Every structure is written in structure tokens, then in C-alpha cells.
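Note that the chains are named A, B, C and D in the order they appear, and that numbering of residues resets to 1 at the start of each chain.
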Amino acid sequence: MLSFECDYNTGAHPRILEALVRTNMEACKGYGNDVYTEQAREKIRAACGREDADVRFLVGGTQTNRIVIDSMLKNYEGVIAATTGHISAHEAGAIEASGHKVLTVPGYDGKLRAADAEALIESFYADGAHEHMVFPGMVYISHPTEYGTLYTLEELKEISALCRRYSIPLFLDGARLGYGLMSRETDVKLTDIAELCDVFYIGGTKVGALCGEAVVFTHNNAPKHFFTTVKQNGALLAKGRLLGIQFDVLFTDGLYFEISRNAIDRAEDLKQLFCEKGYRFFKNSPTNQQFIVLSDEKIAELEPLVRFEVWERVDAEHCAVRFATSWATTREDIEALGKIL
Amino acid sequence: MLSFECDYNTGAHPRILEALVRTNMEACKGYGNDVYTEQAREKIRAACGREDADVRFLVGGTQTNRIVIDSMLKNYEGVIAATTGHISAHEAGAIEASGHKVLTVPGYDGKLRAADAEALIESFYADGAHEHMVFPGMVYISHPTEYGTLYTLEELKEISALCRRYSIPLFLDGARLGYGLMSRETDVKLTDIAELCDVFYIGGTKVGALCGEAVVFTHNNAPKHFFTTVKQNGALLAKGRLLGIQFDVLFTDGLYFEISRNAIDRAEDLKQLFCEKGYRFFKNSPTNQQFIVLSDEKIAELEPLVRFEVWERVDAEHCAVRFATSWATTREDIEALGKIL
Amino acid sequence: MLSFECDYNTGAHPRILEALVRTNMEACKGYGNDVYTEQAREKIRAACGREDADVRFLVGGTQTNRIVIDSMLKNYEGVIAATTGHISAHEAGAIEASGHKVLTVPGYDGKLRAADAEALIESFYADGAHEHMVFPGMVYISHPTEYGTLYTLEELKEISALCRRYSIPLFLDGARLGYGLMSRETDVKLTDIAELCDVFYIGGTKVGALCGEAVVFTHNNAPKHFFTTVKQNGALLAKGRLLGIQFDVLFTDGLYFEISRNAIDRAEDLKQLFCEKGYRFFKNSPTNQQFIVLSDEKIAELEPLVRFEVWERVDAEHCAVRFATSWATTREDIEALGKIL
Amino acid sequence: MLSFECDYNTGAHPRILEALVRTNMEACKGYGNDVYTEQAREKIRAACGREDADVRFLVGGTQTNRIVIDSMLKNYEGVIAATTGHISAHEAGAIEASGHKVLTVPGYDGKLRAADAEALIESFYADGAHEHMVFPGMVYISHPTEYGTLYTLEELKEISALCRRYSIPLFLDGARLGYGLMSRETDVKLTDIAELCDVFYIGGTKVGALCGEAVVFTHNNAPKHFFTTVKQNGALLAKGRLLGIQFDVLFTDGLYFEISRNAIDRAEDLKQLFCEKGYRFFKNSPTNQQFIVLSDEKIAELEPLVRFEVWERVDAEHCAVRFATSWATTREDIEALGKIL
């Protein structure tokens, strides 16, 4: 069946599988000490334009958020995030399970505003009782956000400046980073992110890998003995090559960007399709996740024909639904959808 | 270079890669709700001979130990293990990081004795101050152990009976389970383990998979909302198919057992080789890890020619070293080693 | 200087000190196994009208909240509270440090509404992705609230019914319980609370004790091995008598209620005083905490003469300030304040 | 009944109660910001001979151990202690509950040897796989130990030098510090401890206070925002005066030392008594805890007449029992015991 319900429903980009097959019988060092992982590190550092970046590979998004946040915060600190941030809502309390509060500010189409974070920090320090409260110790943003929206370069600069003013790190969750970077409506480049953030990750799971996220500590600021912390959290792969090979392939000849662009192109096709058919959009998303308002009747009609995700109820008779494209979506998929609509 | 340093230095069994390639473009449900994962569950239940087993897939061994132990213990409970147990020594404090003490008893060639565990439990309850102490809440054993040794069926029955007497679960870490089951010197079958343990895992990472461990809760005793616990620990794969497909292949036509037998056969070849050349064994291991005593001089001589792991110092001039075979070791590898020795 | 800044600025009620002095050289069993603690338990059970209540003593409020919540929740559960709840805002992340998310709903003058909690729970279970989210596992309310306000019996019944419908415990933080029970504007009795809640605590620290809170598990539902959990959290007093004696005194001849009434009477005097002088109230509080709006100028004028707490800014020129009475506040204190105003 | 079962069975030294009564109605600042706490800090700094010491007050021993250790260790670090150390055995897993492993070395009459700790550290760093293991991050010793024994100044210097060589803090648990300092067989002074340790605590609970331990960070090395950490752990007293006043009294006119000497003098009397009656000692203890070997028959005979603690079984017919003196033990108590024996 035609599938638009998410961007992780297919396997890996064929070139990744080819590389796994090609290197399969080579004996590699374990735990990420193999040559492929080293190559991947080097290529990502180059793509980020930072010689002093420290790149580590982890398996999934929630794992990455939990480990990065916990290893960079002191016990008395929490992390500022939008209420709609993935860590606030959809990670089963992973951050709290590691001991830290998520300090929420309103999200605007998924985006956190520097002014809100600043107000939170200022009001914290202005409070005479702030030593009885959780210290704001980091700002977390996702780019693209959970609603597919993007920060402008100006917005990122503002948030980054705020963090530096208060000497707290800025962490960018890039689970879908490729789709953000290749959007037609962005002025943010990977090198900007590497410059403005203290740590961020380049999502693999949702952008063509079987699994894997590349964490970039942008200025030699990886927490001391991060390797041991990863092990302690059960996140260390014995066959670290599985991550190294995948990111080596993704960052060879610009594959990561190329396949991300495909998702964007198909999302634009899809957007046009819904537009032409007169559908209303729930959010204006410049990335691979498109949110459309459908009547309950229409949903019932489409469900046997195409997979999509019902996102949230809009009114008594309508819901917002999500159609996601990915590196794997083809023109044929879009055409088939056109016929169904 | 010839490589015997561990059993996770190559990729995956070719049939696994074939299945990943074959299914790659199919759209599957995420988070382990796909058909391959369901098939793998069913096949493992059948292999275990238990209709009431609940099978879950996780990514790695330390992760599995941490999540299983934490989700089955109460906050005031700890887990009994041999001092040489993986959780006691080589998991960077993962169990303690989740809040639980590892209560150690001596290991005998890696094995825990029922009598020692019982003495610990009895002395705990006999202590007037035991409410100020950590309650023994589980017994953890590894099979094969970290020294490649195996429990006899009789020993397993004793430990199991002890656990049932005190109503605490028995957890068996089967990171290398295949190599234990296919040993020429064992009387323990998978169905025995499924009957005697409350929870155990069938190791994939070290037995032919890229990654992955199959956790078996043997009698519908998976902790409530285990899925959410897995997510909270950052251990949930979006593309759960990666684990499902691998275990589906491993448990089709007995592949798991067949490739495990290869490791055992090659280990016996290797053992014979060292015997013939007059080397001394550090431990008598009936599985794929062989521990040999080498002089420092010999080690220096071999190191440029073949990879192996220096395990521990035996005396001023000798060390124990580990040579491991795996599903991937060939007769040619053994012959090549023979020439070097 | 005249002191109204809080209800814990003086020592203990004289009768408590007398009892400490009188019993001082008696050799008592440690850890709460002494006769005074047992007497206190019995008297509290009687005051609550519940034979099946299990009463435990802890040292302070945050400690009590953290231990009670953590010991009653599963790892995958969080606690619902108003955004203004003490656990949400002013306990330095104690709940999160124990691994649990505080799931916030709006506070109305400090009070949580059953309808909001219900909406949160219903929307949780209605969410297709709820297994990726924190399970609502408890409702936490404070009575009096952090703003001195009180639930009506009807409101408590509604919240209690909600909790029972969803089989989650209702926990009432009674740090200032005495002041709530003796308010002139309440229809809630201690026996009501004991019937409607699953666990609550009777605050001592703010109601005449040097320290100490009496936790009441209302129906023999204390978590298993709660003693060990208390020890593990560093909350077990070797000289448990310190808590037992204090609560024994407080619950002899109704002292707890009598001294609470004094605080209420003095608060009413104070309210009248501010009313007569034409001051505006920030909140209408029926208990011992009174919130008044003062101009910055007036604050500067009063600060050298009387202690009170600046609560929050109301507008560019005014702040809300808190004047608290307590068991120790005298008519003379109020008269002195009258002269100052 | 005559009571020697522990050193925390009576209340507080009368001068403490007098001070509590005398200051009772004074309005003090909360949370340890009162003048008495400040005075106590100053006096303890003076007694330690260190202007740069940072003194904090906590309520009990396990609480202190847990908070100090957790706040000084990184997540990937554990604490080295003797197997008989209080944190290893009798704190219900408090250290592990805060996420850290206790790395044990043998105890010799309760004492840890520098050589054993050094061997553990060296073998850790020599291990090629040490990044998969818990980093040794602190050394914990108790003085007096759990067996009443004492380190010599030379031994302390050795352990201290070891810690400084590896840049890890030395933490001394002084739950019974007074009894150690006033022993007739010690060459260790408080100023030595303050010089050789990075952090230690001066026990109050077992030395004349109702509760309370004074933590001394010896060289301005209190963890950042320790106040907030204390709050988060539920260990902050609203009426901090309770701790401040007690330690103010204990460190006025050398009371702490004087009452500790009384315990030592009575212990020597008691020792002589048992000696004269021909009893065998289980340990040779120079402090207030005396361990005597009694036959089961004798134990049964004494139990209705005098309270003592059965410590551990020695052989089929004998147990070691503990008789503890304290600041409150009188000559009359010893004489009465003599008559019973």
C-alpha cells in the first residue's frame, strides 16, 4: 500500500546496503574504533567546516537526546524546550528518567522563541527563591521542528547569542536535519548550525540510514569520558561499524543532501497536489512533513488506500493528518496519490 | 590480518544481509510492529517451546541487562551476580546508574554457585538489620560465562530452584547463547533455559547479527508497559524491522544453531592446534572463547601476525590471552593460524 | 523585628520542647521503633478515623513529596500537578531527580481542577502514540495550596472520584494542613481527607514542630519495604523519637488543631487590619498566608520595620507580598503591625 | 533497662536542649541562613584550623554520604570503600540509587588500606578495557570505622597522598568522629583530618545531637550550587536553625570533645570490666564501640537485664556482641553492668 505515514518506513538507501555487503567480512575493531567510523567522523567535520568538532555516533534520537542532555547538565540543571519539543512530549520521560526537568516555554508552530527562553532565564535569576528551583542549564531546539517548520538564520543567531550570554549550551535536535537543510525556504546551512550550536545531531534514522545519529560537539567540547557514559547508558554498539559505514556513505559525494533534496522535491509535489485539489493546510511546512486538514469522512475514505498519520483533531468533523515524504519517496508515489485523491 | 580477538569483528551472516536487501523498499510499521518482528517472535517462541513466552528485541547487551534488570527490580532491590559477571565488571556501572546495587558472590571460572547465592540470601534475611540493606531481588548468570564456561543442567536447576524458593526471578545473559547451546560438552538445551529462567536473552550481536538481542520473558511475565520503558531508556528503534528481520533469518531453518556450531567446530580445531603445539590453557572452555597462556615474548612475536586479546597477567613472564572463533571463522583461518604458530 | 515572612521562623511549640526535655535521657529504640512514635501513629490513625491507615514520619516536605511519589509510581509514570504546585516549581527538580515527570495542568489560585486532570488523562489515552509518552500515574494537590487557598469538599470528592475511576492514587500535600482544617471557610475535615486520598501528609514543620511530616497511607497501602526506601533516600532518622515525640505532643489534646486555629485567628485579624487601611488583596486566602498588593514605595518604607516576603510583581509599581501568621503569632504582633501600617 | 545497644538511644546533650528552649521564640531566617548556623560554621572552621573550609549542615549520615558522594562524582565515576564500609553494606543501596557504584576493597578490622586502593586504581588504568568500567573517582573511609577502629596519622597521610596523586577526593565519614578524636590511642587530630581530606563530616547524631552532621569541604571546594542539590535531595531543613543551634552548642567551650571523652572513658571502664571478668574481645577497639565474644547461653542470660547488639556469629556457640558507650553513659551505668556480669 501507498505509504506516507512517516519517514522511517523503508529500509536504508541502497548505497548503504551495498557498503554493508561490501565490507561485511572485513575484520574491524569494535566500539567505533574502526576505519569507517573514523572516515565518517572526518567527512562530517569537513561538512561542518570545523576542524575542532568532535563527532560521535549513537543509535537513535531519544537515546541521543537523553545522553547528550544528561552528560552536559549538572544535577541541579534542567533543559529549556518548547512544549511541543520531542523531549517534552514524546520521549516517555527519558530526560526526567535521567534526572533532569524539561523547562517548557510555548512553541509557535513547534518553534521556541529566544525571547521566551530569555524571559524564563531572567525570571529564574530574578526570583529570590531561585536556589530552590531548577537552574536553566541548556536550550534544546529541533530543526526541523516536530511540525516540520524551520528556524531562520536570524532566529538561530538570536537563540545562540542568548545561550552564550548566559553560558549555557545550545543543543539542536536534527533528527530530520537533512530535510531542513535542503528545504527551498531556508537560509540556514550546516556550517551555520555548527557555528551557532554547542552540540547538535545529524539524523540518520529518518534520512536514509537503518539507524544512527551523528552527534557533533562543535568545539572540542565533548563531555569527558563520553565513551564511558555511552556505554553506561547501554548505547554503545559492539559493531560500531554499523554506524560508521552508514554515515561514511551518507557523507560521501553529498548523498545525505541529495536524498534529502528528493524528500523536499516530493513534498513540494505533494503540497501542490493537495493545493490543486483544494485542501486546507494545518501548518505551512517547508520540509518533508505536510499537515493537511481532512474531514473525518475523507479520512475514512482514504485509509484503505494510503497510509498517513492522523495528527490531531481540529474540530468536530475534521482532523489534521500528516503526510511525510522521505529520501525513498518517488514521483510514482505522488502520482499514485494524485489518482487516489 | 588474521583475526581472533573477538566474536564481533565481522558484519552479519550473509543471509541476514540478503534479507535486509530483499525487504529494503517495503514499507513497514515502525517500532517493532512490523511483520518480520512478529515472525521472529513466533519462531523464537517455538524454538523455546513456550507458547506463553513474550519476546522483545533490543539493540545490545549492556542495554538489555540494564533495562531488564531495572524493569524487574523494585527500587530497594539489587541483583546477585558473580564478581566476574559482565554487569559487575564491564558495563561501566550501567546497573548502578539505573539505581541498583550488584550484590556479588565469588565466580568459579565465571560461574556463580547456587550455594553462594543462597548463603547471601539467607544471611541477608538472618541479619537483624536487613531492612537497612539492599534486598536480593534477582539472580543474574551468563551462559556461556565471560570465561567461556557453561553451567550444567543440574547447576541451572539448582539455581532456578533457589530463585523460585525465594520468589525472585532468574535472569540469564545469553550474549553468546548459541555458542553455549552448540557446545560439545553441554547438556543444556534452549527449552531447558526457557523452562528454568524467568527471563533470558538470545544474543545476536555476537552470533551473526549486526546488532540485536532477543529478550524472552518466559511466562507472560514481561513488565507492564515494557515498550514505554524501552522508549524511556532510548532503546526503541524506529526501524524495528532491523532487529525483526535479523532474528527472523537467524531462527529460520535453524541458522542460529548452525552458525553457532561452526564457531564451536572451529574452536575445537583451534584448541587441538594449541594442544598439539604444547601450549597451556588458562581455562578449560567448551565454547568459542579459548584462553591460552603465552609468554610475553611469544605475545610480542605473534602480535604483528594475528589479532587476539591479552586477557590478564598470569605471572611475571606470562599472560592469558583470548582467541575467539565465531560464526564467521573458517577452516582456512585455523590453518593459517597453524602456520603462524 | 516583627516577623511575618513565613510560618517556619520560630522554633517549636513549647509543649514539644517540654516533651523533648522530659524524655531526653530515656533510652529509646532507634529508627522510629520507639514508644512515642508508636503512640503518635496511633493518635493520628484515630484522628483520621481510619484503623487501616499506615502512618510514617519523615523530616521535611520536599523529602516527603519525593519519596512518596517515587515509591508509588512505576518508572514509566509521572504525576499530575498544577503548574503552581510545590513539586512543579519550588523543589529544585526533586521529582525529576527521582526519575519522574511532573505533568502540569493550569492552577486556579493554586488549585488543580478535576476537569483539567481528566482532560489530560483522557487525551493521553486517546493519543495513538501514548506508549511513547509518560503515563499519568498519580494526582498531586496541596491543601492549603501555595496561595493559601482551599479545596471545597465537593472539589476534593471530584478529584478523588477521578483518581479512582482511573485507578491512580490521589496524594495531598498537607505541609500546612492544620491551617486548612481550621480555616473559617472550609467544609473539609481530616476524616474527609483520610477517606478521599490514598496518601497525604500532615505537616509539622510549618505547624509547630522543629521538623517533621506525618505521612498517612490511608488504607494499608504503604509501598512494600517503605522503611528501606526511606533509608535509601537518606531520610531515616536514627533518633526517630525526635519525630515521634513531636507528633505525639501535637496530637495530644488536639494541640495541632488548637495552634492551627491561632494562626487562622491571627490571619483574620491581619486581614481585617489591611482591609481597614484600604489595602488591596492579591488573592483571597482563607488560611494563614495573606497576599497583599503594595506599592514599591510602601514596600521600601515597611521593610526596615517588619519582615514579609515579596511574592511577585503585579505591575510596574506594585508587588504582591505575603504576610504569614503561624501557631506562634500573637495578638501583640498584630497590634504592633497595626501601628506600623 | 540498662542500655548499651548503640550511641543514639538517648536524646541530646542538655546544653543543646537549653539552647533550643532559650532561642525558641526568636524569629530566624530559614534554610540555614540564621545567625546560629553562621556561628556554628565559624566555630567549626576555627576548630579545623582552616579559614577556607566551607561548612554545611545535613540531617543524617546516609543522607550526607549520598549527597556528598553524588555531588562530587561524575556520572561515570564510583567510590572506593572497604567492603565493611557503611556505604557498602548498611545504607540500603543509597549510593547506587544515586547512580554510582561502590568499588570495594578488603577491610581490615574495618580499615581500608592505601595499598589496596592504589592497586584497584592502577589495575583500572592498566586495563585495556577500562573505558568500559567504572572510573575510581573518590576514596571513602570511616573514622572511627564500623568496628570502632582508627586510622593512624601515617595511614591517613598515605591514603591522602594516594588520592592527591590521582586527583580524586578523599572523603572521611565521621559519624562518630568525636569518639575517634578523643580516643586514648590516636595520633590524629581534627586539624590533621581537615588538612588531609577533601571533605569529611563531623557526626552529631551519634555524638550528642538530636540529629545533624556537619559537612566540611576543606578548601573552598563545595560543589557549585550545593544548596540546590541539598534541596533536590529533600535534605534541606526549613528550620535550619535546628542544626545550626546544635552545632553552635557542640562547638562552644569544646563541648563536642568533652562529651566524646566521656564516652571514651566509659568505654575504657567497660573494657576493663569485661577484661577482669575474663571475657574475650572480638576486635580490639580504641573507641566507644566494644565488641565482645559471648556464648549463646550468656547472651540469653543477659538479654533480659541489659540491652546490647548481637553483631555476628563467631562459631556454633558464640556470637560477637557490641556494647556501645556514648556522651550520655555514666559511671553508674558501668557499675550496674558490673553487677549484672
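Rule of thumb we're sticking to: contacts are C-beta pairs under 8 Å (C-beta built on N, C-alpha and C of every residue); 3 or more make two chains touch, one makes a residue touch a chain.
All values derive from a computational prediction rather than experimental measurement.
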What chain is the most remote from chain D, judged by the mean position of CA atoms in each chain? A
Contact-pair count is greater, between B-D and A-D, for B-D
Approximately how many whole Å separate the CA-defined centres of chain B and chain D? 42
Centroid from C-alpha atoms only, then distance chain A to chain D, rounded to Å. What do you get? 50
Can you list the chain D residues in contact with two or more other chains? 75-76, 91-93, 97, 131-133, 228-229, 231-232
Contacts from chain D onto chain A in the complex sit at residues 70-71, 74-76, 131-133, 135, 224-225, 227-229, 231-232
Complex interface listing, chain C residues touching chain A: 75-76, 78, 89-93, 95-97, 99-102, 128-129, 131-134, 309-310
In the complex, go through chain D and note every residue touching chain C. 1, 3, 6, 8-12, 14, 17, 20-21, 23-30, 59-67, 91-94, 97, 205-206, 210-211, 228-229, 231-239, 241-242, 307, 328
